[in-house]
Amino acid sequence: MLSPKIKYLLYLADNALILGHRNSEWCGHGPILEQDIAVTNISLDLVGQARNFYQYAASEIGNNTTEDSLAYLRDVREFKNCLITELPNGDWGQTILRQFFFSTYQYFLYTALKDCNDEQLAAIAEKSLKEVTYHVRWSSEWVIRLGDGTAESHQRMLTALDNLWNYTGEMLIPSAYEKEINEALAIKGADSLAEKWNRKIKEVLEEATLPVPQSAWSQQGGKEGMHTEHLGYILAEMQFLQRAYPGVEW
Amino acid sequence: MEKDFEKIFQDKIDREVRIEPRDWMPEKYRQTLIRQISQHAHSEIVGMLPEGNWITRAPNLRRKAILLAKVQDEAGHGLYLYSAAETLGISRDEMYHQLHTGKAKYSSIFNYPTLSWADMGAIGWLVDGAAIMNQVPLCRTSFGPYARAMVRVCKEESFHQRQGFEILLTLSRGNEAQKKMAQDSIDRWWWPSIMMFGPKDDESPNTQLSMKWKIKRFTNDELRQKFVDVCAEQIKILGLTIPDPELKWNEERGHYDFGPINWDEFWQVVQGNGPCNKERLEARRKAWDDGAWVREAASAYAAKRKNDTTEAAA
Amino acid sequence: MLSPKIKYLLYLADNALILGHRNSEWCGHGPILEQDIAVTNISLDLVGQARNFYQYAASEIGNNTTEDSLAYLRDVREFKNCLITELPNGDWGQTILRQFFFSTYQYFLYTALKDCNDEQLAAIAEKSLKEVTYHVRWSSEWVIRLGDGTAESHQRMLTALDNLWNYTGEMLIPSAYEKEINEALAIKGADSLAEKWNRKIKEVLEEATLPVPQSAWSQQGGKEGMHTEHLGYILAEMQFLQRAYPGVEW
Amino acid sequence: MEKDFEKIFQDKIDREVRIEPRDWMPEKYRQTLIRQISQHAHSEIVGMLPEGNWITRAPNLRRKAILLAKVQDEAGHGLYLYSAAETLGISRDEMYHQLHTGKAKYSSIFNYPTLSWADMGAIGWLVDGAAIMNQVPLCRTSFGPYARAMVRVCKEESFHQRQGFEILLTLSRGNEAQKKMAQDSIDRWWWPSIMMFGPKDDESPNTQLSMKWKIKRFTNDELRQKFVDVCAEQIKILGLTIPDPELKWNEERGHYDFGPINWDEFWQVVQGNGPCNKERLEARRKAWDDGAWVREAASAYAAKRKNDTTEAAA
């Protein structure tokens, strides 16, 4: 059994890796060259964050665990990322909206973590927060631009909202290990995350002339390893080389 | 009058003074540069695809981050180059249009598939290596914006080349499967890389004019020889083989001799019959078409905001 | 180095497996329930043929080689299937047209093989020929139906022709190991394969009111392990479990 | 008059005479059957998706072939059942339309995701097991075409169930990771399978009428108890655990007791909030929409051929 702290670190890492993976699928296929660069950059930031969290988790686990054994040698049921991160990209609007939802969550989460009483975790959070601040700005500007752009872009954003909204609750509902860690590491503000998130989302959606959905139902499970059918395909692809050529240097 | 301008122009060139966008230039000089710079920009953009193909499958997180950064750099190079071409009076959209309709070319090398992780190494070492060999002299090319773009590009490319070589080096020191993977990759990429320098000098009609205008400073064959000489040495560090039985040091010439190039294959690929021509173009067209609504929305939004500002100011 | 016979058996097996894999992606997603069943059935036949060829190859190779080690533990460069089998399915028209092209090839090939002087190979070919005869009938009927159906279906078939035609030549151009085997096993009619294939294709395309493309250029390489970028993704997915959980019974 | 028909009808039912499509039947009987048979057919079709998800990833060729054949069988069951429903005066397209618009339901179990290979085992053992428990009595249901379709379905289903059990058995005898995979799968599928029998008898208003008309022959709770009793024995062969701490043999009742069912979850999934409701429906709608041009072409072609034949005959 993994300790709550290790679970928590894996949760942070898996979120960043899987969302980074999805964003990286855009690389070379973006709608505008500058935005291709931007989304790849976010992907790169997220992979970097994942590495920091995995490295920390690996050092806590010991036994020759490495960032790569954690990323490449666990199967679906061991991954703890939120479901929203593993959903297919959909169109550019859906990718953007997911990024906005998730980056806003990361923003408030890392803001709380940077003052926690675990020095290393606080340091990673603080470093990541700079990146995430930009992700929030970039994605919120795009949400507004597309929501308040043309009739087509508005309609597409409504569809994206419909596809994603039920997956947003999971971020904000703490799992058992999150609750334990919030207490153990004295993470202040963890209990007001949902409120802050909702306020920011409301503000941006309104500026984007998009409605704030009222549905209260949340898809959940990712935090405990109960995923969608998409994650298996992500891992089959991502892990192929490590699985096919085990135990070598790359 | 035109004659005078042309004389002043050539005089500047000869004195190594940079031509800038507002300077007078022969129409043919402008057209040659547009063709060359946009082709170069397209190569960066299309070149993202074969490597992008391995981002999701990179074998560890460090390599994944490096590869992401590399492909992102290529997009950045595309940006610099499109901007340089724009100073000559063509828009980026026009250049895209030429790419999508097949009017503009891009480097044929990107019409080969990436079939293994080792290809990330071979592309870095050989393809970026050949590119650098072509590009370093372009840092001193006669058109200012192009030369300045190339300075930035070259700095990053040489970094990419080292990373590629390091991928191969790691594989060459790995287990048998990895060594085989590395050798196979070099076997597949060697000849296409050699072809990147273009046709032989006596079959390259544009070379002379480009040299006179100092767009080019070395001929295709000169650069190719230089590249072969460098690679023939570097392969020794890898302990692998260059797939050319005729590759041999020629004491007399002070260069490596190498075997005949399959120009048939070269022209087939240029004419659209490479393994991936169709897919590469389709991928680019799809990105463009799928992105139309995004670009339209961005313009529409910008226009609204502009109106708001104007109204507020009024 | 593999013997020409083993290469040849792997060639036959890989073709069947990879085309079977692609067809199986339709299962549950076909345009008409009866046709969903039909394409799945063809997939099943092809996987069955692949198993027979792999089993024979495995017995020739020895060393604990099994049908599964051959299917699941080789990487891209070791697969010998024709490129056409690994191309994405495209729409139903493209899937059908590929099936027609490939089944027609298999039909004439197996017809020749069933009289070769290798008893086991001849037996597998004879057994498979019954299935393939049906595949040819089914796919040719659909090519005709779609070619001579509506304006839209006709147009889609033209696009499919354009996408596939350059990949058909590879089937008909023998590799070194095919030539050796044609001689060694006294395979009669191997040299008239192309002619028979072209005649049949012409006949059906004409009935389908579709033009016979004139392009002579052929994409090649699959037979020697030089594939498209698609095969890597197929294998990552197909081989995941065998790679992730090596050496166990399923 | 109507009263007389109804008496004759009920009389037949009571004497175990099959009702056939041309026989008089109460409208409510017809509607109940259409609803039930089409729901059953939809369940077969939607049920192809969670298992189809593992065809390309089956762990060996033998399992791949078995799984392909199994999912194909389900499509076949769908066909029998749609045909049976059609005898009641509804077309297959109409039934599809009801499915795609959410008017018709399908078994909620297929709204759960398949997350590991072991799920192919658990679905076979538990889901098909529960289905058989429901379906075997339907082989004697009062409506002829439905009863005959069920005979064919049941024969194949019991084959599927054995295959599923065998997958779990192999995993349970495998290494630790495989045992864990099998247990995890049973943990996830047990309760949803138990829910497949529908609401408790006192909350199932249609049961009484269905029993009177011998559409149903056992109540939901009766069948559920039977299923639990069987599984509680079979799990011992697997050496695994059913995830219900209250599962215990009750000597007095001659049955296994079991814990309370989470009916909240049941109703959430029924109402569309299961993990995969949206995806399942979208996959079916997409198949239908993408296939429109194929169906149109097939009709157009058939019409042309018919004209040809007519002309030739004239």
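Chains: A, B, C and D, in written order; residue numbering restarts at 1 for each.
One rule holds for everything that comes next: contacts are C-beta pairs under 8 Å (C-beta built on N, C-alpha and C of every residue); 3 or more make two chains touch, one makes a residue touch a chain.
Keep in mind that this is a model prediction, so the values were computed, not measured.
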item: Fewest touching-chain hops separating subunit B from subunit D; value: 2
item: Chain pair, C-D or B-C, that carries the greater number of C-beta contacts; value: C-D
item: Euclidean distance of C-alpha centroids - subunit A vs subunit B, Å; value: 35
item: Numbers and ranges of subunit A residues touching at least 2 other chains; value: 75, 232, 236-237, 240
item: Residues of subunit D whose C-beta touches two or more other chains; value: 57
item: Category of the chain touch graph - line, ring, star, complete, other; value: other
item: Touching pairs among all chains present in the structure; value: A-B, A-C, A-D, B-C, C-D
item: Partner subunit D, residues of subunit C touching it in the complex; value: 17, 21, 24-25, 27-37, 40-41, 43-44, 47-48, 50-51, 54, 67-68, 71-72, 91-93, 144-146, 148-150, 152-153, 156, 234, 237-238, 240-242, 245, 248-250
item: Residues of subunit B that touch subunit A when the two form their complex; value: 45, 48-49, 52, 55-65, 68-69, 71-72, 75-76, 78-79, 82, 92, 117, 167, 170-171, 173-175, 177-178, 283, 286-288, 290-298, 300-301, 304
item: For the subunit A and subunit D complex, residues of the former touching the latter; value: 75-77, 166, 217, 219, 221, 226-229, 232, 236
item: For the subunit B and subunit C complex, residues of the former touching the latter; value: 50, 53, 57, 113-116, 184, 188, 268, 273, 275-276, 279
item: In the complex with subunit A, residue positions of subunit C that touch it; value: 75, 232-233, 235-237, 239-240, 243-244, 246
